[in-house]
Every structure is written in structure tokens, then in C-alpha cells.
Amino acid sequence: MIKDIRARPRIGVIGGSRAKKAALRDARQIGLLVGRRGGILVCGGLGGVMEAASRGAKEAGGLTLGILPGNAPREANPSIDIAVATGLGYTRNSLVALNADVLIAVDGEYGTLSEIAFGLIYGRRVIGLGTWNIPGLIAAGSPEEAVELAFKAR
Amino acid sequence: MIKDIRARPRIGVIGGSRAKKAALRDARQIGLLVGRRGGILVCGGLGGVMEAASRGAKEAGGLTLGILPGNAPREANPSIDIAVATGLGYTRNSLVALNADVLIAVDGEYGTLSEIAFGLIYGRRVIGLGTWNIPGLIAAGSPEEAVELAFKAR
Amino acid sequence: MIKDIRARPRIGVIGGSRAKKAALRDARQIGLLVGRRGGILVCGGLGGVMEAASRGAKEAGGLTLGILPGNAPREANPSIDIAVATGLGYTRNSLVALNADVLIAVDGEYGTLSEIAFGLIYGRRVIGLGTWNIPGLIAAGSPEEAVELAFKAR
Amino acid sequence: MIKDIRARPRIGVIGGSRAKKAALRDARQIGLLVGRRGGILVCGGLGGVMEAASRGAKEAGGLTLGILPGNAPREANPSIDIAVATGLGYTRNSLVALNADVLIAVDGEYGTLSEIAFGLIYGRRVIGLGTWNIPGLIAAGSPEEAVELAFKAR
């Protein structure tokens, strides 16, 4: 039975489709903690940090929402439950930020920077772990702290 | 526990945010049947036909995905489980069609017409019940037939 | 010198990227007449009816605006002056309709149908020449009549 | 007569809709220089830095393209020649970056940051004048230097 999905906090995890092992480990741990706390893990649906966070969330029995750049839901990584195809390319980064109550940025390059910017444009709290140093972003020292801050922010 | 979401067929129901009673009744019945058969009900997330179909799907214990024109997930009708805000206005109609494996059009005005067109552009089977008469659209005579055709089409 | 661009009527011509000779001839004639009357020719920027209409407009010394599905302005047909890349794929059809004061549909398949629908959603007058028969669309019998109706509509 | 529009370099100027006098003065000077050198001034079409840059470009007899967040071309500032309505809200920031060969960021807040990020995602050279300090962005010390770098970059 599926219930109460709507009331669950939506935690966005943003980061690159390529990332170093440490960042992937952090992302997975964040996903795991989000899943354990009943959050919906929202991300861009592809590989790297997105995939690691989704996998963590699924390991905790959580629910994952992936907002994809392409036209095909099947392009989502295997840990995405609800794949939303946009066909918008990088422009979909805006929609990732829009669909999270709060965002956690892990590592990342320019794509992540655009998502941080949109998160702040949309008034979301944005927490960072080893990512861009942008005024307004709240730095966390660990996955645990990042998730703690995310659930408090909401 | 939430499982197997990804493997479920996604049935889009498209139709106006205002509709007559008969169309709303049909939409609700379609949603109910989609939910019973384990389909995910995909729609534009607002009122009228969208809301009736979503309500039917929830009555059957199904899962609903609403792809909204505005910026706020909370604008979704109360029967939407996963509300995806796009901020794209009517342009989001394209994304509704993109995220369904097959579409059922019920009644509807120009918005529905645009979704029928996108469904056909994207190669989706589009089934119609009391809606636009467009070559390529498959006419059904009842909600039951529409859902039957939709699950066969996939 | 470039002046008064802003005050000029914007006439959208919509139609398929593949079309028969007669439709291409009609589109070119429409473009020519739009250009002569000082209108800006707005289209999807690609081939077929879009290219023919743009070419006609340029032959009359007019200005052309092409709103492209892809990421690269250079993908516009050679008669487009201002190529706007959207990266939105077919979803850009909505933007073509939005950026015309009035639309003329020539021939066309499902993409054109989506643009007709968006035109009507956005409250534009939509004139048709050998295209979809949709209530609300105004049928013209010739390129001359179509352009006449378009300039009156505005 | 309008000619050679297509071959002209497109210089994007990005910056906030509210800005201090010094930034507005810089933006206007940048627009003026872009116009004098035959560039098309591309911007978000609204007020502040966008309007100042557009005004400068028009003072030099240049051409301006404004890519708007809203649905109505008439919302463009009075110095925009070609107003393209997107209806995409802030998501249109991606399209501003996409439609410039090179970008000059002046001052700016999170919206500008998103446009810088998209510029870098799309492989555009991004020049900054008193704006975000982002690796990959090239800092200029004056409007003159910014425009010089922009035309070299292309």
C-alpha cells in the first residue's frame, strides 16, 4: 500500500553525473538517511551523485523521484522510482530545484551551480557538502549534518 | 512498503479542468480501473477531468502523478501523490504526454487537443472518449473499453 | 538602419518540416506577402513550410524570427534572421504560438496541430490553409486571403 | 533595410533587474560598445542591468533581443527590438545563455549566477564585471575591457 506520499518531505540531492569516490559515498549516505527519515529523494535522475543518492534512499526503503533532461523515462538510473522525462536538456535543472523542499549539494560542477542558484532563486534552503562556496548556501561537515540541516530547514 | 513502481504502466488521462458531469464520471471510472490494474495515473494535476481521474485511481489504491503548470506542488488536486511543478504554464502539456506510456483523452478543449497532438508526436497511442476527433486517435465507447485499449496498447 | 521592429505585426506561419510542393508554394507566397506588408515572419525555424515561408519573407525584404527546438542557432534555415535556440525539443511549439500575434497554418501534421492548439489556448486568431479542420480555426482559400485575414485579425 | 543580422555576433549581457547606479552605468556603456561594434545585444528583456544594456545598444543603433520569462512580448523594456516571450519563468535563464555567443555578467544576484552557470555549461565564454567570482569566469576591469574580451572570445 502506498500512502502519505504527499505529506513527505522532499529532499533534493544535486551533484555531478561524474564524481570522485568520496563524493559518491557521501551522496549514498545522504540518500540512506533521507530514506530512513521518510523523505522523498529528488534528483536529476542520472548517474554519479544522483545515482548514489538514489541508491542510498532505496536501500533504506525510501521513495525516489528523478527529473530527467531527456525524453525517455527509462534513462533514469535503476534506483529511480518515479522518472519524469522533461526533454528540456540542462534547462531541467530549474525543475529539480523547484521540486525539492530543500536541497543538498554534493561536490558538483557547473550543472550543480545552476541548481544551487535556482534553489536560492526559489527560496529553498540549500545545504552544501564539499561543493561551491556561494553566499546563502549553508555548509555542512558530513552527510549526517547535511541531512539534519535539511530536515530542520523544512 | 513501496515497490515495483518503476515497472508499472503509466496511463495518462487528459481532459479539461472544467467538464460536465458525464465526463467527470467517465474520468473517475477510468482512474478507478487504471488503479485496480496497477497502473500509475498520470495527468496535469489540476481540477476537472484530471481531478476526477486521480480520485478514481486513489479509490482503487493506485498511485498518481500530476505534472503541474505552476511553481507550487501544493497546487495539485488532493488526489495527487507525486506532484511535479514545472513552472512552464501551458507548455507543460508536452510533458504530460511525454510521461505517459499511453493516453486517454476525455472530453476536453484546446489544452486537451495540444496534449493529444503531443501524444501522437511522441508516438504514444492515444485513446479518446467523447473528445476531439483526430485521425490517429482511437475512439472508445466507454471507460471500460478505453482502459482495456490503453493496457493493450502498452 | 533598423527601426520600428517592435511595432511590426508578427505573423506566425506553422506547418510541417516536410510538405508537398503545393504547400511549399503557398507558404512561400504567404511569407512574401507578410514581408511586403512589413510583418515579422515568425516560425519554428526549420525546413519545409517554415523554410518556404521564411524565404518568401526575405525575398520581400522582411524580417524573420525562427524559434528552434534544438540548442544551436545555426540549425535555423538560411532565411532566418533571428534564430532563437530553445533546447526544448517539440515543447518549443508552444513558444512559436506565443510569439505570434496571429498564426497561419499551412498543411501540417501533429506538430502543426499542437501549434494550432497552443495558438487557440493563447487566444490568437489562427487561420488555416489546407490544414487541420479544428473548430475555432478560420479557413482561408488562398495565401492572399490568409494574409489578408491575418493582418485584419491583429 | 535589414541585412546581415544573422552574421552578427550575439553578446549576452546578464545582470539583475535591480542594480546600483554604477552597475547600470557599466551596463549601458557595454551596450553602447556592443552596438557600435555591430553586435546583437541579447538579454533577459526586463529592467535594471538588462534595460540599461539594451538602451546603450539602441543609442548606438544596434539591435536587441530580449528573452522574457513571461507570456507577453510587451513586457520587454522599451529598448528591446525583438522580444521573445517564453512563459518559462526563471527557467528561461537557460535560454538567455544559450542564445549568446559570449556573455558579460554585470553585478547580479542568484538569477545572474544561474545564467553564468548555464553559460559555462554551454561552453560559452563568460566575462564578469563586478559580479560573482566563479572559476572559469574571466574578470574584466571596465566595460571597455569586457566588450573587448567578448569580441575576442567569439
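Note that the chains take the letters A, B, C and D in the order they are written out, and that residue 1 is the start of every chain.
Note that a residue touches a chain if its C-beta (ideal position, glycine included) is under 8 Å from a C-beta of that chain, and two chains touch if they have at least 3 such contacts.
Source: prediction; values computed, not measured.
A.B. asks: Which chains are shared contacts of chain C and chain D?
C.D. replies: A, B
A.B. asks: As a test of understanding: of all chains, whose mean C-alpha position lies farthest from that of chain C?
C.D. replies: Looking at centroid distances, A is the chain farthest away.
A.B. asks: Between chain B and chain D, what's the gap in Å when you average each chain's C-alpha atoms?
C.D. replies: Taking the average C-alpha coordinate of chain B and of chain D, the gap between them is 41 Å.
A.B. asks: Cα centroid separation between chain B and chain C, in whole Å?
C.D. replies: Inter-chain centre distance comes to 31 Å.
A.B. asks: Going by the contact rule already set, what residues in chain B reach two or more other chains?
C.D. replies: 71, 87-91, 94-95, 122
A.B. asks: Chain contact graph: line, ring, star, complete or other?
C.D. replies: Topology of the interface graph: complete, with all chain pairs in contact.
A.B. asks: Looking at the complex, which residues from chain C come into contact with chain B?
C.D. replies: Those residues of chain C that touch chain B are 88, 90-91, 93-95, 110-111, 113-114, 116-118, 120-122, 134, 136.
A.B. asks: Which of the residues in chain B end up touching chain A in this complex?
C.D. replies: Touching chain A: residues 1-2, 5-6, 10, 61, 63, 65, 67, 71, 73, 76, 80-87, 94-95, 98-99, 122 of chain B.
A.B. asks: For the complex, which residues does chain D have touching chain B?
C.D. replies: Where chain D meets chain B, its residues are 71, 87-91.
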